[in-house]
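The data blocks that follow each hold one structure.
Across the two complexes that follow, chain A remains constant while its partner is chain B and subsequently chain C.
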Partner chain A sequence: MQATFKVYRFDRETGGKPGFQSYALDLPEDATVLDGLFKIREEMDGSLGFRASCNRGLCGECTLRINRGGRLACITRIASVLTKDREVSVEPVRNVLVLKDLVYDVETLLWKKIKSVRPWLDPARPEPEREYVVPDEKLRPVRNAMKCYYCGLCDEGCSVIPFDKTFVGPAALTKAYRFVSDPRDGARAARLRALGEPRGIWDCVHCFEADEHCPRGIEPTQRIVDLRDAAVAAGIKSGTKNPQVARHYDSFAASVRKSGWLDEGRLALETWGVRRIFDLLPIAWRAFRRGKLPVPYRHPKRKGAERIARIFEKVQGKHS
Partner chain B sequence: MPRHEVLIVGGGIAGMRAALAAKERGADVALLSKVHPLRTHSGTSQGGINAAMSRDDSPEAHAFDTVKGGDYLADQDTVELLATAASGALVELDHWGVPFNRDGDGRLDLRWLCGAARARACYVDDMTGHAILQVLYEQLLKADIPTYEEWVTTRLVLDEGACVGVVALEMASGSLEAFSANAVVLATGGCARAYEPTGAAYGVAGEGVSLAYRAGATLMDMEMVQFHPLGLRGRGLILTEALLSHGGYLVNGNGDRFALKYAPSYGERAPRDIVARAAEEEILSGRGIQEFVGLDLRHLDGDQVKRQFPLTAHLVKAQAEVNLTTDTVPVRPVAHRTIGGVRVNADGATGVGGLYAAGGCAATGVHGANGLGGDWLLEALIFGQRAGASAAERGQRLSRGVEIQLEEEKRRIAEIADRPASLERAGTIRVKLGQTMRQYVGILRDASGLEQAANTLQELRARSQRAGTTNRGKRYNYELVGSLELESLLTVAEVIAAAARAREESRGVHVRQDHPSRDDARWLSHTLAFRRLEGATLSSKPVVITKWKPEGRRY
Partner chain C sequence: MRCAFYPGCVSRGGCPELYPSAIKVAARLGLELEELTDVGCNGAGVLSREVSDPINARTLAKAERLGLSTVMTICSTCTGVMGQANIKLREDPVYRASMNHEFLADEGLEYQGTISVKHLLWILNEDYGLDRLRTAVKRPLRGLKVSPFYGCYIRRPDAIVEGKPQRKQYLERVIEALGAEVVDFGGKGKCCGFPILTANETNSMAMVAAHTGEAKGKGADCMVTPCPLCHLNLDGSQPRAEAQKGEKIDLPILHLPQLIGLGLGFSPEELHMRRHIVSTRAVAETVRLLT
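Right, the complex of A and B next:
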């Protein structure tokens, strides 16, 4: 099979501009992208940098952007991604610091963030003499989260990280979820409190890109929603440094429950409080100029508001 | 120069367990790993981990299965130690957070693995190794053990015959640095990359074995190389043998369950050596499905299979483009584990002062001539722990001569890195090496093939010295790593071939077609290999027998 690999090259050591280099390859029909990269390095150009380890889709080490999609090179067959011009482009995933060619900074993308969520079990006391006796279904969510092989594609797809690199991100939150959901962990409340601080669970914009990108079907966004639910159920609606999250949460629910739709004026006021509301004046002014702030401000009940209120009752009944 | 009391080389399960044990003993310990610990080969282990946890099981019963599974070449005292320590290790893992599957009472569920007389393996779906790896890494972070990730250890530093440190290459900078230590624990994994195809990760290149060998340590049972019958078409992904022990069939081209011919009562549940050999013979005699045999699960409840083996079902679909529950899955034997390695005692000591080994690179003697599923992870944990703990006990050492040896090593590595470009390439030589080993030192062996292998290896060694390089940069120089790995693979391959040639009998994974039966009178002994200038010198050492006299091995 003939294919042209267009491979991202960049070397901080020698300087020079990053760019794509083309290699014409002849490979077996069932060859993978990783086979192609090895062929280049071992037979054509020994300077090509890329990482690989298990070579069978179990370790996440060779995660790359292949023909503009995040994939594991070792289980991506060339035939399945080849363009009409028989080309395969290979580059590092987006939003990372490139170290050399296809080697990028996973430490910042992933490992540091994972280390930040206190990623070890705090065993519930008393520790039994033998194994913890727990129903299997309680451990299923833990196992689901532990399927993660740290490819980082959820963080790469995240809508928040490009704007705020300090957001802990779906991969680390999935790791945190692994402990929060574990009945053998004894630090659940403390974990949820810590996760509620800025750059934690409340910073997710639930765009669900993480779920789209996760090759393991873990649905990281859903896990973040689970963490929020767990926090709220434990009476923790925000962190100490961002109390407005809880107020936003309550105000949002209260206004919809009362009128059947969101009262944005009330939401702003209740979220930020009377003192901080002055900070919002410039925004209010701009909104007013564009006709988005009706004067006088009114928020009438929506038709069918009673039916919406009943939804709240039903859902609350289900949760309590 | 960084200094730690204990240095662990290798970030897999054995290495991390050793690091934790050293730390528990109060040692200042650090871990060097070629790849991030979460990317090591340990994570690919799927099936489970053995322990006599149930009321009607016992460490004796476990030990007996292991001894018989190893065709009586296992050191029985060490096996008993392994089986006795197992349940404690499993409980510890549970307390650390490994989410083992539970039975209806909420206790650890047990799975039947091949070669066992009963269900004995605790498991985490079909990702047992992956889960244990993650949890050990969590504990490593909790214990605040420093890790040097993407550091390739290229040399052991010796002072008066004792190991007092290592020299390692930092991938990020390309520079060599010396580390001094009171003790070094090698936990670099096995040597299966000497074979092609293999189920092993790229990094499983026998470095620990060749480093120790070069430093004067003894290697043991190197001829014992285990093949796994379930290497999937495509990447050679090894499917868990739990698929067989859960009732899966292996069928040949005629649709016959051929394993029953080789193991009338166990069939596909027989130990790996027997099933892999059966598959090999079917394929070589033209009864395969092309160069594969079929794994057939169609008679089992498909939903249950998918529930038990979610990852496997997904990977089979993705990599072989067949459906695990409705198609016959093409598999063939691929090189899996090297049973041999650096000879160690039960505390991981190699005989070279200050040098310890554990896990895939060590030969503890527990697997005999064939390791059972579920014993490998257990061995890594138990003997990793023991090696780490005894390394921590080693007293303060002066690290003399470190600087000189660092300079020597810098010259050696520079010579390899700066070789002019040539038509010979390390990568192509490695592929040829793997094919040679598979063909002549694979499942079925004989004297003439082994001689052929020895000759080819000699040629390849000569070619490897002419192999050129093209990369002149220092950072992330994987071409250089490939050259170093080739050197180590050639070293271990030579010993494997020599040991296989010497053992004139068939036992476990070692099948000599010119000596088809087991010969307890002559060969109830381990093969030892020492490095001499002219090559490997072999001798032997009797097997330790405690409770179980060797008898016929029928399944």
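Right, the complex of A and C next:
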């Protein structure tokens, strides 16, 4: 199989301008992108830097951006990504400090953020004399999150990070979920409060990109939604610096509970208050002129609304 | 084809142009819709699942009781949220039984797991057929350059496409079936930013500007979306996104039923295209020249 690899080259030590270098390769039909990189390094250019370890998708070491998508080089067959021009572009993932060619500082991708979620167990009570006994079922979600091998593909695929590098991201939130779910942990409420602050769980767009990118089947987006559900159930619906998030949730739930469906007018008013609504007047005026805002504004109760209210009551009853 | 119809809240709330457009288009195409009037909001990814799952189980049970097998939606978010709940209810009989027992039994309802939740977009591609759509087109939208924008919930997670990866190309296929030209762009499957409009408006606006700006830069006359929540942000927030970016974008955003409606011969007025925040006048004029 003929393929042209366009590989990102840069050396932080010697400086110079980063750029792509082309290598024409002839490889077996079932070759992986990592096979191609090894061939370049061993036969064409010994100066090429890249990271790899297990070569079979078990370690998460060779996370790269291949034809502009985050992938593990060792389990990505060239044939599956080849463009019409038979090209494969290989570069480091985005938003990282590149050290040499395809080698980047993983601290800037993951570790800094993972450290920020206190990734250690905070025992609920003094250490027992014997081991903790935890029912298997209660550890299942913990074990699922512990399958993470920190490849960083979820953060690479994240919809928010390209717009805001300070968003804590799905990898660190999955790590946080692992401790929030652990029955031995005693800092659950404190963790949920911290995760609710800006750049945390409420800044996630739940686009499910992370779930598509995760090679371990952990479904990081679903874990973030789990964290949000846990926060709501614990009555922690926002952090201290983003109280509008809690107001949004409460107003949304209250209108569905009252009428069966969402009252968007009420939601805007209760979330933002009159002052902020005032800022939005130019848009509101445009919407009114174009018939997008109904006047007079009405939000009638829908048939069966009392049944919806009953569902809310039953769920609330479970927590009281 | 007859299906239960779940219009969602926004098609009559923040996007009042969507519901009547969808009704007109469905009638013209001969889709028989039985509207579910006594069901609740599916939660839209906002309500916690312990509340939204039983609400959705109830909706699905109501559709099942009508003797129908499909619930049609006109919103990517409704499709995804209700669809994900449906997958869980269908695949986990223990969970379904607990929902039935705890929440539905006192109303005499039981969900047996026989319903498919499908967006109008999926129904057109999988059940109605694009050839049939092509023959229904009275005014081929020749020369109109349209960028597709899906909305996350109709593409991800993987389970939602139910083993049909081609669902990620349906919008392009419909644009082509209507005679218009597809202007492909990288942001078509990305997030519009609407879910964080409250939590982080700056990031949300940056997403709107990036996607609408990219499509415009590639030469699109307009963008079409099957999701009214994407529409609220891409259309409703576009002026604020422009202000944040310091750049004029001015890209009209159409709802899927509006674009189909134009192809079927409805006038822009009949499809309430004046109700948008970003003016659709240029699209309306292009379409008028076609008749």
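One rule holds for everything that comes next: the second predicted complex is superposed on the first by the 239 of 320 C-alpha atoms of A that agree within 3 Å, B and C clash if a C-alpha of one lies under 4 Å from a C-alpha of the other, contacts with A are read in each partner's own complex, and residues count from 1 in each chain.
FYI, a residue touches a chain if its C-beta (ideal position, glycine included) is under 8 Å from a C-beta of that chain, and two chains touch if they have at least 3 such contacts.
Being a predicted model, the structure only gives us computed values, none of them experimental.
With both structures placed on the common chain, the touch criterion links A:91 to neither chain B nor chain C.
By the touch criterion stated above, A:160 is placed in contact with chain C alone, chain B being left untouched.
Residue contacts after overlaying the shared chain place A:49 against chain B, while chain C stays out of touching range. By the document's definition of touching, neither partner reaches A:270: not chain B, not chain C. By the touch criterion stated above, A:252 is placed in contact with chain C alone, chain B being left untouched.
In the superposition on chain A, contact of A:32 is made with chain B only, not with chain C. Shared-chain residue A:208: touches chain C; no touch with chain B. Legend: residue contacts after superposition of the two complexes on their common chain; A:228 is shown touching chain C, with no touch to chain B. The residues of chain C lying in touch with chain A in their complex are 9-10, 13-17, 37-41, 43-51, 54-55, 58, 102-103, 106-107, 152-153, 156-158, 190-191, 193, 195-196, 198-200, 202-203, 206-207, 210, 236, 239-240, 272, 274-277. For chain B in complex with chain A, the residues that touch the partner chain are 35-36, 38-41, 43-44, 90-91, 94-97, 99-103, 105-109, 124-125, 127, 130-131, 134-135, 138-139, 141-142, 172, 199, 201-203, 234-237, 311, 315, 318-319, 425-428, 469-479, 482.
Residues 11-14, 30, 32, 38, 41-43, 45-61, 74-75, 99-101, 103, 106, 111, 115, 119-121, 123, 127, 129-136, 139, 142-143, 146-147, 149-150, 179, 182, 184-185 of chain A are the ones touching chain B in the complex. Listed in rising order, the residues of chain A touching chain C in the complex are 159-160, 163-164, 167, 198, 202-209, 211-212, 219, 221-222, 225, 228-229, 232-233, 242, 244-245, 248-249, 252-253, 256, 260-264, 271, 282-283, 286-287, 290-292, 294, 302-305, 307-308, 310-312, 314-315, 318.
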